[in-house]
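Would you mind keeping the following structure in view while I ask a few things?
Residue numbering begins at 1 within each chain, and the chains themselves are lettered A, B and C in the order written.
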Amino acid sequence: MLPALGVLFDGAAYGMLLFLMSVGLSVTLGMMNFVNLAHCSFAMLGGYVTVTLMNALGWPFLATLPAAFVAGAAASIVLERIFFRRFYNSNELNQCLLTIGIVFMSIATAAYIYGTDQQPMQLPSYLQGSFTVAGIDLAVYRLFLIVVAALITAVLMLTLESTRFGAQVRAAVNNQRMARGLGIDVDRLFAVTFALGGGLAGLGGGLALPMLGLDPSFALTYLIYVLIVVSVGGLGSIAGSFVAAMLLGVADMAGKYYVPALGSVLIYLVMLVMIMWRPTGLFGRR
Amino acid sequence: MSGSALSARGVNKSFGSLVVAADVNIDLPPGVRYALIGPNGAGKTTLINLMTGMLRPDSGRIVLGDEDITALPPEERVRRGLVRTYQINSLFPHLSALESVTLAVCERRRVAPTWWRPLTAYRYEIEEAHAILVRLALGPVCHRRTRELAYGQQRLLEIALALASKPKVLLLDEPAASVPREESRELFEAIAGLSRDITVLFIEHDMELVFRFASRIIVLVGGSVLMEGTPAEIAADARVRAVYLGEAHRVAVHG
Amino acid sequence: MTSETLAAAASAAPAGPNEFLRAQARWRWSEIAFWLATLLPFVLTPDYLILASQVAITALFALSLDLILGFSGIVSLGHAAYFGVGAYTAGLISVWGWGEPLTGLLAAGLAAGIVGYITSFVIARFRHLALIMITLGFCLLLQEAANDANWLTGGFNGLQGIQTWKLLGIFDFDLYGYTAYAYALAGLFVIFLVARRIIHSPFGLALRGIRENSARMPAIGAPILSHIRTIYTIAAIIAGIAGAMLTQTTETASLESLGFQRSADVLVMLIVGGTGRLYGGLIGAAVYMVARDQFSGLNPQFWYFWIGLLLIAIVMFLPNGILGGLELLARRLKVWP
């Protein structure tokens, strides 16, 4: 029972990270139907920004996190304005190819600048270590992760439900044409949402450093997990992304702990079954 | 009632609280030309979708001839002779007109799955496709890609595709939609030239077409049948005028 | 080479319907020139015959992807799964004592075909993002499973102990590569003829119908699911044969034969060459692999930088790849083979 709770805790922390990295993609996919496979490159960017600021410029860890967010948001806006907006009405294959091209270039650039090794980083002392509660070892950092991500999730949900911006986002996801007809500036809305999603991904990348590490292949390795979260959770659904990310995080941790020989087979199997059962995701529309 | 080519009996369909079909009963005797009219959003195309199997009714039955086809998938209904055209062209942009119609003929004759014989060996299918296109005045352009055809020609190609499936019952969804006046003559002739073996139901807003071709008109409003009658009866009915013909009729009378 | 451009040419000089269709299926001099050119490596670059055989094998794999992606519009990010099944089948048969290449090919094609047929039931039902995720997921699943089942597959190190017997009992697969290239090229040509026949058959027309407007197909009475299952199985068989050829000519079978990397690479090759043109995959494979060989001294990271840039450029400026670009050029210059 006790190891199970520990697995649950670690899984929840991992799930929160996946959520931060995925929610932006889910919303932009649901809103504009644009398959952005470069989404994890924003997360990777956030990670490298954090590492550079900490190791080269001596910034404290917590201060780098907003910078990671800004970096992700800025990169999103630039790419959206220059490339993505031309392909909103294009077919999925072209969107995949365009964004895969960007992923390749981002990986190569990261390798060129930073090399292919894992980036070293040192957590501040107050975030290190663990404490024991009722016989379970809880890592301080993972608790920090869960708290931060939960706060952000709450802010997101609040924004979505209670603000005008949130209502516009929900309308545009639900029916883009109708939203335009109502006078909502969908293009600007999308740019802002894209930036927000990219920023959250960047933040996720920074936060992921102690748990997932960082090397140039990050953009591809975690893209697969992000895609699983988005397809299983449902396009355009924040709640769906949250549930799917939690399920995936816990399932992955449980799999690695209880049946390590199976590796990721379990994850892919579950994903396949879920998509076949609900092609538009758990909380997707249609 | 046996003896009817196609009938919808007690068909109901809703999307949540939106009712798109409410206890619809339609009966088409063999060989007739009926028109289905109604204001936008009345559910006319939805009814076609229900009849052709693109949508499943919540309750009710669709009967083709003697057979209850309510549970059949769309391609099976086409096989049995229930064919439709689309209000917005649904063609094969990069295929030539000849290839498009030949494909429809091949599918009908079940030869489409043969991957080991060349297409040119199927002379019968190609000749039949060509003949259909010639009958619809598309002969000279049959080699052109669909996307290069004029809009009126594309509407004719819609009908050609439908005819290639040898329909017993043909559902035409606004065949004259957006066709400019200069190009609509061939279209009218094509519809007039349809064999009397085929039962035709067409949705139309173009009243000239309706009054010219239809022997009977069904009026659909808000998902249910308001009334059914001869063109004269429909034109005279106050309810229909109020709902649909109303303003246009008054304008015509007072010039 | 394609119906689009032929239609443009033919509409200038209308012929009877049958003649028009036959004109599209005719062999053009550029095609004959292409196949004659494939014989050149024997004479001009005999030191590179092993590379040439790899190109031919990869071209065959790209051809199989073109059948489902370029002609039928089925976007698959995991086609390497069938390549890998074929590769490992041929490898395992050899390890278990039977190294005859031609029967090994048949067995690999059969195995890949069975897996393709079973998965086609799922594939045919989905489109858009769900289809992309399912094909990707299946490929990753297979890769992980193969990695875990290292008692069967040799895991990370690959299958050891593969030995390919002499072809037809006479020709040895040696390091000079004559047999390897002749074998791969012959296989490519024969299967190409089959693919060409498929494309110009009623079934090929139905596939293009699915690609152009899959929603309209049931409305003309087409059993669209059955069509998709058929072509998907055929494409899986061809991919399996290509995988087997790789195993037999290199006497190794490893995880990278069924991984995402290979799926992505073949997709890039096909896009670069041009989809839906039969020759696009062949040309794309040749260009990609020769370039990669030339730049093999480079760090793999830099290779992917340029590939990424190329992808973006192609999607933005030349969506129909090299062949599409050549067609545009030929039309401009009013030269048509």
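Just so we're on the same page, a residue touches a chain if its C-beta (ideal position, glycine included) is under 8 Å from a C-beta of that chain, and two chains touch if they have at least 3 such contacts.
Worth saying up front: this structure is predicted, and the values here are computed from it rather than measured.
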item: Chain contact graph, described as a line, ring, star, complete graph or other shape; value: line
item: Longest centre-to-centre distance from subunit A, chain (CA-based); value: B
item: Most centrally placed chain - per-chain CA mean versus overall CA mean; value: C
item: Chain centre separation (subunit A, subunit C; CA means) in Å; value: 34
item: Centroid distance [mean C-alpha coordinates] between subunit B and subunit A, Å; value: 48
item: Whole-Å gap separating subunit B and subunit C, where each centre is the average of the chain's CA atoms; value: 42
item: Overlap residues in subunit C, where contacts from two or more other chains coincide; value: none
item: Footprint of subunit C on subunit A - complex, ascending; value: 29, 35, 83, 86-87, 92-94, 96-98, 100-109, 111-112, 116, 216, 224, 227-228, 231, 235, 261-265, 268-269, 271-272, 275-276, 279-280
item: Subunit C - residues contacting subunit A, complex; value: 69, 75, 77, 122, 126, 128-130, 132-134, 136-138, 140-141, 144-145, 147-148, 264, 267, 271, 299, 301-302, 304-305, 307-312, 314-316, 319
item: In the complex with subunit C, residue positions of subunit B that touch it; value: 52, 73-75, 78-79, 83-84, 86, 90-96, 98-100, 102-104, 106-108, 111-120, 122-123, 125-127, 129-130, 140-145, 161, 164-165
item: Complex contacts: residues of subunit C adjacent to subunit B; value: 3-4, 7-8, 10-11, 14-15, 17-18, 20-22, 25, 197-198, 200-206, 208-209, 212-213, 215-224, 226-227, 230, 234
